Amino acid sequence: MDLKRYYPVVVLILVVILIQILTSLFGITFYLTQLTMSAYYSLLTIGLCMLMGYAGQISLGQAGFFAIGGYTTAFLTTVNLIDKAEAPVLSLFKSLGIMVLREDLYGNKILHLSPWVAFLFAVIITIFIAFLIGVPVLKLKGHYLAMATLGFGIIVYRVVLGTRAFGEADGITRVPGFNLLPGIRVSGDFANRVENYYIAWVLVIIGAILLINLVNSRAGRALRYLHGSEEAASTMGVNVSRYKLNVFVLSAIYASVAGVFLTHFNAGIGPSEASVMKSVRYVAIVAAGGMANLWGTLIMAVTLNFLSLRGVFGTYDDAVFAVILIVIMLFAPRGLIRKGVISEIEFAFKKLKPGGIIKVKRES
Amino acid sequence: MNRPYIRTPVLLEVKNLNKSFGGVHAVNNVSFTLNSGIIKAIIGPNGAGKTTLFNIISGILKANSGRVSFKGEDITGLNPHEIAERGIVRTFQNIKLAGHMSVLDNVMIGRHSKTRAGFFAAALSLPWTIKEEARTKEVCMEIMEMFSLTDLANEEVSNLPFGKQRAVEFARALAADPELLLLDEPASGLNIYETEELAEVIERIKNKGITILLVEHDMSLVMDISDEILVLNFGKEVASGLPEKVQKNPEVINIYLGEG
Amino acid sequence: MSFEQVLQYIFSGITVGSIYAVVAIGFNIIYNSTGIINFAQGEFVMMGGIIAHSFTPTMPLFLAVVLAVVITTAVGSLIELVFIRSLKNPSVLRMIIITIGLSILIREIALHIWDEKIRALPFFTGSEVTSITIFGAHISPQVLWVLGITALIVVALQFFFYFTFTGQAMRACAANRKAASLCGINTRKMVNLSFCLSAAIGAVAGCTVSPLTQTHYAMGTPLAIKGFTVAILGGLGNSTAAVLAGLLLGLLESFSISLLPMAYKDVIAISILLLILFFRPGGLFQSRQIVALKSF
């Protein structure tokens, strides 16, 4: 097997560790909070990269899956079941040890499902929904696919915004931490900052390794192939609709897992996480990263999300992402992170000038 | 040209196939059988329904009525990938490759139906998938050697000249180990020397025991290599049989002279 | 539900429905000439209303509206010149992403110029309390304005496309761009004109509906997706059917409020979009086979 493909992973691991050490040395560990959040958004983005970049299926509803994961876990770990504690189902759950009894800030007793169960439930529900909408949606192409996924995203947004159980405009707050293993806890407490930074990045690294494996396998080849020509892929024995569905579900799982973890880390989730703008932002990042480019996408995802979370773009946050989309698609449709990009941008600029070279460039 | 002619079992049977687009009857009640191990050519002027027939056999289009059976099994209306899995592989007149992928990748996709690593196994990179992938690569490199594509293995397909792309398509089809190979105008876009080479390649494929169904415009190529010919015009069968017989059929002569 | 209430719902349904229809027609005009779905279509409507509103303190309403339409048209033209023209044979994915980017950019610029306040143009005649009674239902005269102007837009477009030379040239471009250009039609100009036209009608609609439904910097996306729903319902490219489809969606939405909470209003429209896309992508009024035929 070609081990070269894992070199970037090693670099990534070293960079992650280096950054943590540097932030401790300079006493700027508060950066780790945003880096942790960026990591979770990056997890979603590399899943989308697989779907959009490699398999060529656009999704403008990725934030919807993020929200499904986040809201499911938030709801299940905050809804208080103490009044119904004697119900047979709950007694069964209690004896299985999948219920948690805790006290909130005011000393009220709260009984709810354990985060692990909520997590599993969130993933299952995501898979279910992704299948349900994926089957018809993925028959569509181009504008239709874009609009259908956008429509799905808006539905999720409207539902979480309009449903009382999901806190309407306020979202769900006071979501407890998630004890992954004894002593390892996903939460936003200051004490757990370094630990959470590593949890998030381990998750991203696992996610990335799985995708690298996938891209370079028989299944990944089929995915890339159907991007080029669905007809050719199918006559070579690729079950095109199933492959598209699988990668759609896979990217939904990435989004949902990111949603679950970030919700526990932030101790809550609000409807803005489901907004169309979020979905567009993820698409912008994949585009800027070079579409079928896992590492480009990852670099872009971390950089842009980090800058955005630090508030560098100020009130121009959304505008920045819109400009990125437009500029990349106009001048560098194959993304920024790759070889020969500078000369290509120069070329594109020359083309714009009157009397410049008018040569049709090959579309990828 | 006379060839020793032995009756072999029927591999493909097409019976009363019909397909119309709006008012146009593209394939009109076509029936024929294809015996295994031979080369059969389907000829006819533009719009005779040849490519439509191919598209139906390979599952890209659904027939309005009629039956296609392969080795006795009814395969009418199956999806393209199911048909490919049964051992029917095709090439396209206007070459359909993934231009953004390497020559090797394009050939390796041909082995898709012969291999089995799925999403889950692949993502976890289970040991057997690695072995399978290595084996696939080996087989494909061998096939590429036959088409002198070895040096171009890592080249992006869209950078290759047309003739080479056609070779990649052939290599891809062979990688699938087909029992029946459908060639849709393999000589279109090739120059005279490349066409000669093509004739050799087709003969070599036949010698491997692969049955070939061929749609072609180049008459000299067809007469050169085919064991049997089916002539279509406006979706209907006009004549069929041995090349020398078909060649003398007055109706066929009329169609071709009339067209020219 | 009383008869008057039903009437009330019907009128409110056809009011929003006709705006959806205008947005859908805007989609169609650009789609027919370029094959692009312009995701920024809803922003034209927003711009019409919001620009006119900022002119109203300084000039008569009529003039403000005209000026808003002119400015929006110029923006439409500019978008084509700057962003669309330089691309040769772009992939659909690229086009989608560019127009989405434009839609958000326009929205964000509007946010920075005008802030996030909800504003409304004054009523064209009378005020918010003026009403006329039709079969016992109280209707704002603005509803009649909306319906009248929508009808005018549709009729004027039909006239333009079928009886003027430029309109016919645009139809020729839609049918076959290469052939049209061989006949000496300046196809680039026609593409630009299609952006101008759809920006203009969007802006007109944005002004007429503003007194009733208000104008807000972020109103574009929901309008675009509903306009698209309507365009698909009617069959992409078919503007006459889009009018019918628009009224249909408007009515459905209007009556849905009596059954479901207001917050789910968009969910209804979008669910319809998804159902149509899944089951009848060619639209309600035509068979799948003639989907390929384009007509304004």
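Residue numbering begins at 1 within each chain, and the chains themselves are lettered A, B and C in the order written.
Operating definition for what follows: contacts are C-beta pairs under 8 Å (C-beta built on N, C-alpha and C of every residue); 3 or more make two chains touch, one makes a residue touch a chain.
No experiment lies behind these values; they were computed from the predicted model shown.
Peer 1: Which one of the chains is farthest from chain B, going by Cα centres?
Peer 2: Looking at centroid distances, C is the chain farthest away.
Peer 1: Using only alpha carbons, which chain's centroid is the nearest to the whole structure's centroid?
Peer 2: A
Peer 1: Taking the mean of the CA coordinates per chain, how far is chain B from chain C in Å?
Peer 2: Once rounded, the distance between the two centres reads 49 Å.
Peer 1: Roughly how many whole angstrom separate the Cα centroids of chain A and chain B?
Peer 2: One centre to the other, that is 43 Å.
Peer 1: Just give me the whole-number Å value for how far the CA centre of chain A lies from that of chain C.
Peer 2: Those two chain centres are 33 Å apart.
Peer 1: Hey, which residues of chain B end up touching chain A in the complex?
Peer 2: Against chain A, the touching part of chain B is residues 58-60, 79-81, 83-85, 89-90, 92, 96-101, 105, 108-110, 112-113, 115-119, 122-125, 129-130, 132-134, 136, 158, 172, 176.
Peer 1: Touching chain A in the complex: which residues of chain C?
Peer 2: Of all residues in chain C, those touching chain A are 37, 83, 86-94, 96-98, 100-105, 107-109, 112, 221-222, 225, 228, 232, 261, 263-264, 266-267, 270-271, 273-274, 277-278, 281.
Peer 1: What residues on chain A touch chain B, complex-wise?
Peer 2: For this pair, the touching residues of chain A are 1, 210-211, 213-214, 217-222, 224-225, 227-229, 231-240, 246-247, 250, 292, 362, 364.
Peer 1: Would you mind writing out the residues of chain A in touch with chain C in their complex?
Peer 2: 56, 58, 60, 133, 136-137, 139-144, 146-148, 150-152, 154-155, 158-159, 161-163, 276-277, 280, 283-284, 287, 315-316, 318-319, 321-326, 329-330, 333, 351-352, 360-361, 363
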